[in-house]
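Look for chain A in each of the two complexes below; its partner is chain B in the first and chain C in the second.
Moving on to the complex of A and B:
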């Protein structure tokens, strides 16, 4: 009897291939396939109803989809830049501390330990117009006698969401940049000092270029996170009111799970992935460039 | 031994008990369903369990056995029913149902008209029976878990002579608990003193605001959908209904965040004492009048839901019920169980804990029981009056999806992003596209 003999390299790779197929490849292929069907969760047989590019055409010509896309890019741009600035500031300050730095580093990571759902509920309460902390504080201090509709006003609602995002993720930048600060060789800094550079000049022309690779890595990681922002927004505003805070994934989540239109939701999801891919490629290019400038390889 | 009954006495007592039990089961006969096992999928939860404790009585009377094969909340049951439909595993017999979900299962449940006598059906509140009937098929018998909203208000707002005088001078009619939504608007605007006190509030998102808008359209004499489920709300009545929400928001008579509020926010808001008038569900009655949970305890009045300009009360309602599957092997036994779980004794048992019944006689019974408790009597009277003209959600499986298209447009009008005309035009177009895409017409 002839037994099928697989080459050893394949046998060794097989467990990894099987696991990766099961958890990554099959769901991806299935969701890609279903984006070309009229698949509804409530009518399982509709997964065989091939509709070609109908879902993609519908999404690409839908104003609501593009509005959500634009809002997601806005959130990404503002949140990422502010998180980077605050994270940089935080890291620089913590690096100067001589006593209790460990404790500070641990405290810095607290916001990252909360589940996003919890952060959402926390800020939903803080920004509540009637019983929220912010309004109560402002009214008690006599700054306003109005109930400021933080989660309703178009600009304020986006601000509140960005605030919550920044609160929860600034420490990601903080920790990564702090790691960068520890890795900076002392010689160039000392050389700069000897050459008479001011503190700002040493930071701008020595420290910052060394930190850039770390900043870009943090940016790449966080851009993927923010492009998928869902939980915090879902809890705080659910994309509303009147779609004022609708982001890609609140729209896609509602379409897929509440409206049960999984085919259409998957099509929107695949278009949205390009956003994440674009930002990742952009930041990796910047990363390579900054490493080149530091002479850290091509 | 005095405490021991003789065999003969025990037999007599057992027979008497059985006869009494059987007489309350309607059509069921002793041993009628010997050897039959009824599989049931029922809604679970502490407030629903007391009723299930009665099932052994039905088993003893009919000789059948009940096997509860699933016990979950309605959202979970809904998913399970849908996968059962997809997989064809629908040979179980009795299922919990809900008026807001029922339209989605036309292939699952059988018509009870031939299985339950007309006399029994006539004993239920007819508005509920109407809402349990789809395409002429009675798909469930309602249990004593009925929901409709009545108007809670702070009583002392109507005791202040100065306020009453100022109100009459401004609006030209005496200040009294409102009977129309136009009066609610006047009074809410009059009572409002933002940010400390608001005249009223409303659910502002998701299905909740569409439900509230829906009942207002009906109260204005309009319809949300035509008979073919094409949108009908972009009408004069629909515009008047939406204008009511917009006017209150513009007058700052409702909290600025109301478009983000759902039921818990509303209930807690009224209990915090910062809201004058509050259209809300019966489940809050106890909470509002309990000093440990509510600042307005002892100052709560309850009136029937006000009427719109067409003289119709708002009355968006929902209720639980029990259905029998089409694939059940013994539909008579299943229907007998459903009848038992919704009969007078069952409804008395369930409504004794607070929920509203769906049988006319039980309404009278609970009112009688509450006559020494003025607050409970007031609550029951208000809800009974509102329930008489209540109506369920439009019977389309696309209800939830349609509400997801309508509510952002309602919010856009309320917040001033769009005019009422633009918002309703856009919502109507979106629902029309959905219905056409789904092949409804």
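Moving on to the complex of A and C:
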């Protein structure tokens, strides 16, 4: 017997290792490597053209990149906070409903059931300045006789995108916060009533601390989602007008696939991922902290 | 300072009525214990007084004021819950001071009241901990502290000791009693444990199936139960019950055993009765209390013994029914040994065989 003897743990882990490297490791290494080259999709041999940190330096000094970065952070902050507030309100209202609550909960999830691409198309139509629903409604009601350029004006376009983003994702907060509401023990709320709390005070001092872990979980999930926002924006404005709604990933997508400069796009991608990682770590820290406040977990 | 009055108080959950027209008057400073088997409506009644449950019918008055439509915070009560119901995200100090903070008292006043309560309940070393870092007994004391800082007119306790182990329970019982002597406020206390009820109460309210069966001092309900339910519920071991028929001045049991009718009862010939005797009043001759005026003797075979140290519980069969008897100054007893027992008739009870109601006039 002269067969190669692998240790059993390695044999057992081998399938996982093979799959992981095929799915994760190889693309990761390849994209990381290519971010140090001047790789262009149109000239495959350029992948061997090592340029060191040139792409990274270029990205970090590029105004367009930082503008997209800032816009993404803005979208994250505004959308997440509004979604949290609306989701909280929605969950509080649904939790008070006594009849047909199941139906309502299911309906709450409808926006999540559509592909973001379709949502993008839908809102592109709704906010269209000529035939869109919003302008039609405003004009019929006599509020304005102008065709408001919802998707053409820079600020309005950003607003429209945030609106669509909130429409699709408020229910993520709604559902998670509702789960939190169901998990609150009844006793401390009753104790608060006896201790003299009004409904608002009970909410502020008892309900909300119990909900915070759920809110932070939703925040962590959604921050990853929004940090990689691409589809809705791509469809609604394509980053326009004049790059006024360009986000990190629409910029990266354009650089990589339209301009074919994949090496540069990958470098920007790696920088952008830090944004997502930062937000996720931040919210997980907050989550752990809020759980500790409640005496849960270590 | 407050009396509490319940007038024809009813609680319905939809069509289901769980508390049926209860009447109860509680004096200022009185310690009243609601006791009864689980599910009899004690908590529901207490929660209606607290304002945590709506009142379906009748009136609840606290300190002469009808409070039916007032929220808990306007009733000047405080409550201790079975599961402590502490705020897990607040320290002990914050838990204790929370109600005062809500009432917008000054920080100095809050600190003073909190420190005082902490002193009374020896919570001072725990003030900066969160409830998660406390033992069951400590949490219980925080819950009580939270109730006393406000100096409410009425304290409500819902089975506050049921989650504690036996030793701690005995200890806390004493503390609650001391607390009542110190604060002198009205207390309504709910428990399913008759020993807790007996040891704590000025007056016991015994409930069953949403009705009040009997109200009285601990000794009163122990010595004069109005029916077989109260007789067996109060006292440990439960009162022995034997079915028989009155024959002249005797009661004849199914196997023909005869016992005299206890003094104080006048019962028509031929009436079916339930004869009630506690283990304390049926003892083997020679291991009993001194003989009283009205005594009877029976011979029984002992089936089983439970030595408790100062006394031994004997399980024997009388007229086909298992009865428990008590042996003072115990000696070892063989299973199957026949012994003569003396029954103290003036401590025995007769109940209507059908309704279970006492036949004492």
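Quick note on the criterion: the second predicted complex is superposed on the first by the 297 of 298 C-alpha atoms of A that agree within 3 Å, B and C clash if a C-alpha of one lies under 4 Å from a C-alpha of the other, contacts with A are read in each partner's own complex, and residues count from 1 in each chain.
Just so it is clear, contacts are C-beta pairs under 8 Å (C-beta built on N, C-alpha and C of every residue); 3 or more make two chains touch, one makes a residue touch a chain.
The structure displayed is predicted, hence computed values, not measured ones.
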Overlay on chain A: chain C relative to chain B, clash or fit: fit
Touching partner for A:139 - first (chain B), second (chain C), both, neither: first
More chain A residues in contact - chain B or chain C: B
Chain B versus chain C as contact partner of A:206, first or second or both or neither: second
Which of chain B and chain C A:147 touches, first, second, both or neither: first
Chain B versus chain C as contact partner of A:194, first or second or both or neither: second
Overlay on shared chain A, then closest C-alpha pair between chain B and chain C (Å): 52
List of chain C residues in touch with chain A within their complex: 50-52, 71-73, 77-79, 81, 83-89, 98-99, 102-103, 130-133, 146, 150
Touching residues on chain A, where the partner in the complex is chain C: 185, 187-188, 190-198, 201, 205-206, 209-210, 293-296
Chain B residues touching chain A - in the complex, by the definition given at the top: 82-83, 86, 104, 194-195, 204-206, 255-257, 259-260, 269, 272, 274, 397, 400-401, 404, 407-409, 411-412, 414-415, 417-418
Chain A residues within the chain B interface of the complex: 41-45, 128-131, 135, 139, 145-152, 154, 237-238, 240-244, 246, 254, 258-261
